[in-house]
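So, here's a batch of structures to check.
Here come two complexes built around chain A, the first alongside chain B, the second alongside chain C.
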Partner chain A sequence: MSRSQGLAVKYLAAAVLFFGVMTASGLMSAVYYIDPNFLFGLLHFSTAKMLHIDTMIIWLLMGFMGAVYWFLPEEFGCEPAGIWAAELLFWVFVAAVLVVAAIFVFVQWGPGTETTLWLFQQGRKYVEAPRWAAVGVALVMLVFAWNVVGTAVRAKRITGIMAVMSVNMVPLVLLYLIAFPKIDNMAVDLYWWWWLVHLWVEATWEILIGCIMALAVMKLLDTSRKIVEGWLYIEVGLVLGTGILGLGHHYFWIGTPDYWLGIGGLFSALEPLPLLGMVVHAIYDAGVHRMKTTNRPAFYWTLAEAFGNFLGGGVFGFMITLPQLNLFAHGTQWTVSHGHFAFWGAYACGVLAVCYIALQERRRLAAVEGPGWIWAFILLNGGLIGMVGSLLVAGMAQAFFERAIGGSTLDAFIAGQENAWFQLGIYTRFGFGLMFSAGYVVLAWNLLTLGRRRVVVAQPLPAE
Partner chain B sequence: MHYDDPKFWRAGAVSTTVVMAIVLVMLTIDSLAAITAGGTHVPAYSVINRHIDYVYSDKFGRDMPVLGGEEPLFGRTRSETEAAALIGRGKLVIQSRACMDCHTFMGNGAYFAPDLTKAWLDPAWDAWLAITGADTKDEAMARFLMSPDQFATWERKMPNLAITRDEAEATVAYLKWMSAIDTNGFPIHFGRIKVEQ
Partner chain C sequence: MTPGAFLATSGLLGLMVLAAGAYGLGYTASQLKRSRRWALAAAAAYAVLAIDAAVLIAATPLTPGWKILVGASALAYLGIPPLTWRYLQRTHDQKGAHA
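For the complex of A and B:
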């Protein structure tokens, strides 16, 4: 195993660890809805929420980096150009995340000064981490970009997939810089914040995971590079062709001119197209190979990625993307339902697929089998779909009782939250959250032990 | 180039992306002009000196902010520079207390607590004058922000975030300014329907 793949394993292990923190803090966030006095005066909803969404960003980012460092030596036939810097920064990255988590839990907030934004937290959703930590994340991504582009230069050759990934590194690094400024005007602040959330997370990440899944499919199904690269270009064209102006569906209500209602509505309605293409090709590939592979967990998680991305990002996104409906659904649990499904389908399933690919090769398994991964797959996906459905019920109740007939005021908000349908949604969400958490425990145990015990039907490969 | 050659699709991807990016840049230039304070959609910060209302417009088919006469905040009229400084301070308070991780602003945030886009205009503040013992809405809001645990609204209470008097006034100013932004009718039906609790 190369140094790059050794680093990849560390990144993937850290990703799974922070996936656990995200799950635990998500479950905590669900408890606050059921028992508002839960940890009151000690650790508030906002802290649990920050831990939940920030660790989601971190574990997925680490998962992507792990996946790329895993495939890099295979694509270029050499170690990454700056592997020493990447190895060093991995530990800096993990330490920084742990320190920020400790600050969130034990400090929580500071006075209304710039010092608070530098040292404690920035109070902007998804990028709450204080500026010193954001500088660290930017540095990690800069080294990551250098390793992708610099390795191609060192190898003096490039593949289509790596060319897409290399170009994608530019917006991946530049858009993150929006995490730093404090902009007084909320309309302007949200305008740029959506470049970070939509264009960074939903566009550059979508391209990055597209490249990763292209490499994964070639390995899992032996699909030809020519076919994979053709589809990758189609996906890039459709994702950016619809997604760049699809950004406009976030500009309906933040003070921007009303031409965004038409532009955002039209282009975001087209955004499911590339995701539908992904599903079609996944079914085609699965059929060609008659569902046969030596790594069923990775294969199933890849299929879950295709379907989850289409249903969660595409269908559930389309449901609330037209301004006529978004006016009622925006900022309700309906949005949360879409968000959970989209992030899970678009990114989490893909990272888990790569975890199993790396695990098979690292432990030299001829085939990855056993009941553990199936239970993890069922519990995680079942729990997620259950949470998404529950939040959808709660969100629809909120859209109707708070917005449509309530009048959107404080009293209307309370009436919506106390509505029986809303309450049903948040209780069942907690139940399915427990199911998801159980799935995480099985997954973590499976990743730790798979191929290490005799009960597993796995044959070791001959030593090199 | 034939369609089964990846280069065919690469050319399509590159040209599509470039065209869309150029359109986005053009729209961004226009939008930023509209949403800069004092632009067509976002009022100048000194709007905190005025009475603000939210009225349904038959012409546009949605609720729109309407500016009235003088209504100084905390009894003091501020210059544009002073108002900008106060708004800047208010934004710092909002970020330092992670308000967005419970509340939402223009629908963006954490959904656990009410949306604050039009909080200044919420009819509930009329009742809060008596609850807080204040004579004016701005004073009632400031008192609530400084000691939210003493004035619990319902079972989901706002924690005490040690907001000082200066910080509370800056936050109230921010909420008043934000309520005058034209948000294309969001949130829908605001304040036009009374809810029976």
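For the complex of A and C:
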């Protein structure tokens, strides 16, 4: 195994670890909705939520990086340029995440000064990490870009997939820089912040996971490079065509000009179209290969990626994306439901697929078998679908009673929170959250032990 | 838009994309298995999509621009699975499915 793949295993292991932190803090956040006095005076809801969404970003990012470091030597036939820096920064990255998490839990907040921004937290959702940590993430991204682009330069050759990935490194590094400025005007701040959240996470990540899944499918199904590259180019074209201006659906109600209502609605409505093509392709691959592969978990997680992306991004997104409807639904649990499903489908399933691909090669397994992964797959996907279904019910109640009927007054807010449908959604979300958490435990156990347990072969009895 | 119309419109939009997914699934399965049953299921799913789009256009308070978009999307959904299928067939036939 190359140094790059050794680093990949570390990144994937760290990703699974932080996936656990995300799950635990998400479960805690669900408890606060049931019992607002939970951990009163010790840990505020906002801190648990911060841990939940920030570790979501971190574990997925680490998963992507692990996947890229895994495939990089195979693509170029050599170790990545600057691998020593990447190895060093891995530990810096992990240590920084742990320190930031400790600050979130034990310090939580500070006065509204530059010191707080630099040392404790920046207070902007998804990028709460203090500036020193944001500098670290920017450095990690820069070295990551160097590893990819520099290796292509060193190898003096490039594949279509790596060309797309290399070009994608430019916005991946540049867009993250929006995590730094402190803008006093909230409308202007949100305008740029959405570049970070939508364009960084939903556009550059979309291309990155597209490249990763292209490499994964080649390995998993032995599909020709020309076919996957053809699809990748189409996907990149569609992401750029619909996804970039789809950013407009975040601009509806933040103080931007009215024309964003039309632009955002139009391009967001186009976003489900390419996802349908992805579903057709997934069924085609499943049918042609008759679901036969030596790595069923990776194959099933790849299929889950296509379907999850379509349902979470396409179906759940289209319900609330037109401005006339978004007026009532934005910022409710309905949006939360869409966000959970879309992130799970678009990114999480892909990272888990790569975990199993790497595991099979690292442990030299002829085939990845056993009931563990099946239980993890069922519990995680079942829990997730249950959670987003519950949040959908709660969000619909909220949008209907609080917004559409009540007109968003404080009284209407209280009435919405106390509504039986909202409460039902919140309680069932917690129940399915437990199911999801159980799925995480099974997944972690399966990844740790798969192929390591001794196989006992029955010995024939000696002839008498 | 009344509260009832809001929920109904939103539900119809979600159903439209869901029906598109079911149509895509049915269409691809019918081509793979050369099955008349799957072809009928695909047709039924698209019929749901078409009726859903018609209701969205005729009976919801969406503004005309969004109604045109819904109609155009319904037509686009009809074409995506066959186009994708043909592309997949052509690329796999020409280049060989495996490296």
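Just so it is clear, the second predicted complex is superposed on the first by the 453 of 464 C-alpha atoms of A that agree within 3 Å, B and C clash if a C-alpha of one lies under 4 Å from a C-alpha of the other, contacts with A are read in each partner's own complex, and residues count from 1 in each chain.
Keep this in mind: a residue touches a chain if its C-beta (ideal position, glycine included) is under 8 Å from a C-beta of that chain, and two chains touch if they have at least 3 such contacts.
From a predicted model like this one, the values you see are computed outputs, not experimental measurements.
Three-chain overlay on chain A, with chain B and chain C fitting side by side and no clash.
Measured by the number of chain A residues touched, the leading partner among chain B and chain C is B.
Within the superposed three-chain model, A:F328 lies in touch with chain B and with chain C [touch as defined at top].
Look at A:L276: by the touch rule set out above, it reaches chain C but stays clear of chain B.
Figure note: vertex chain A, arms to chain B and chain C, all at CA centres after fitting on chain A; angle 90 degrees, rounded to a multiple of 10.
Legend: residue contacts after superposition of the two complexes on their common chain; A:W421 is shown touching neither chain B nor chain C. With both structures placed on the common chain, the touch criterion links A:G230 to chain B and to chain C. When the two structures are aligned on the shared chain, A:Y191 is found in touch with chain B, with no touch to chain C. Of the two partner chains, chain B is the only one touched by A:F252; chain C is not. Once chain A of one complex is fitted onto chain A of the other, the partner contacts of A:F45 are limited to chain B, with no touch recorded for chain C. Contact with chain C, but none with chain B, is seen for A:F318 once the two complexes are overlaid on the shared chain.
Of the two partner chains placed by the overlay, chain B and chain C both lie in contact with A:I405. Put simply, chain B and chain C get as close as 6 Å, counting only Cα atoms, in the superposed view. Contacts of chain A with chain B, set against its contacts with chain C after fitting on chain A, overlap at residues 226, 230, 328, 404-405. Taken in their complex, chain A has these residues touching chain B: 32-33, 36-37, 40-41, 44-47, 49-50, 109-114, 116-117, 120-125, 128, 160, 182-191, 193, 226, 229-230, 233-234, 236-237, 240-241, 244-245, 247-248, 251-261, 263, 327-328, 330-333, 335-336, 403-415, 417. Those residues of chain B that touch chain A in the shared complex are 4-6, 9-10, 12-13, 16-17, 20-21, 23-24, 27-28, 30-32, 34-37, 40-42, 84, 87-89, 91-102, 104-112, 114-115, 117-119, 122-124, 153-157, 159, 161-162, 164, 167, 170, 174, 178, 181-195, 197. Residues 218, 222-227, 230, 262, 265-266, 269-270, 272-273, 276-277, 279-281, 283-284, 287-288, 310-311, 314-316, 318-320, 322, 324-325, 328-329, 396, 399-400, 404-405 of chain A are the ones touching chain C in the complex. Considering their complex, residues 1-3, 6-7, 9-11, 13-14, 16-18, 20-21, 24-25, 27-29, 32-33, 61-63, 65-66, 69, 73, 76-77, 80-81, 83-85, 88, 91-92, 95-99 of chain C touch chain A.
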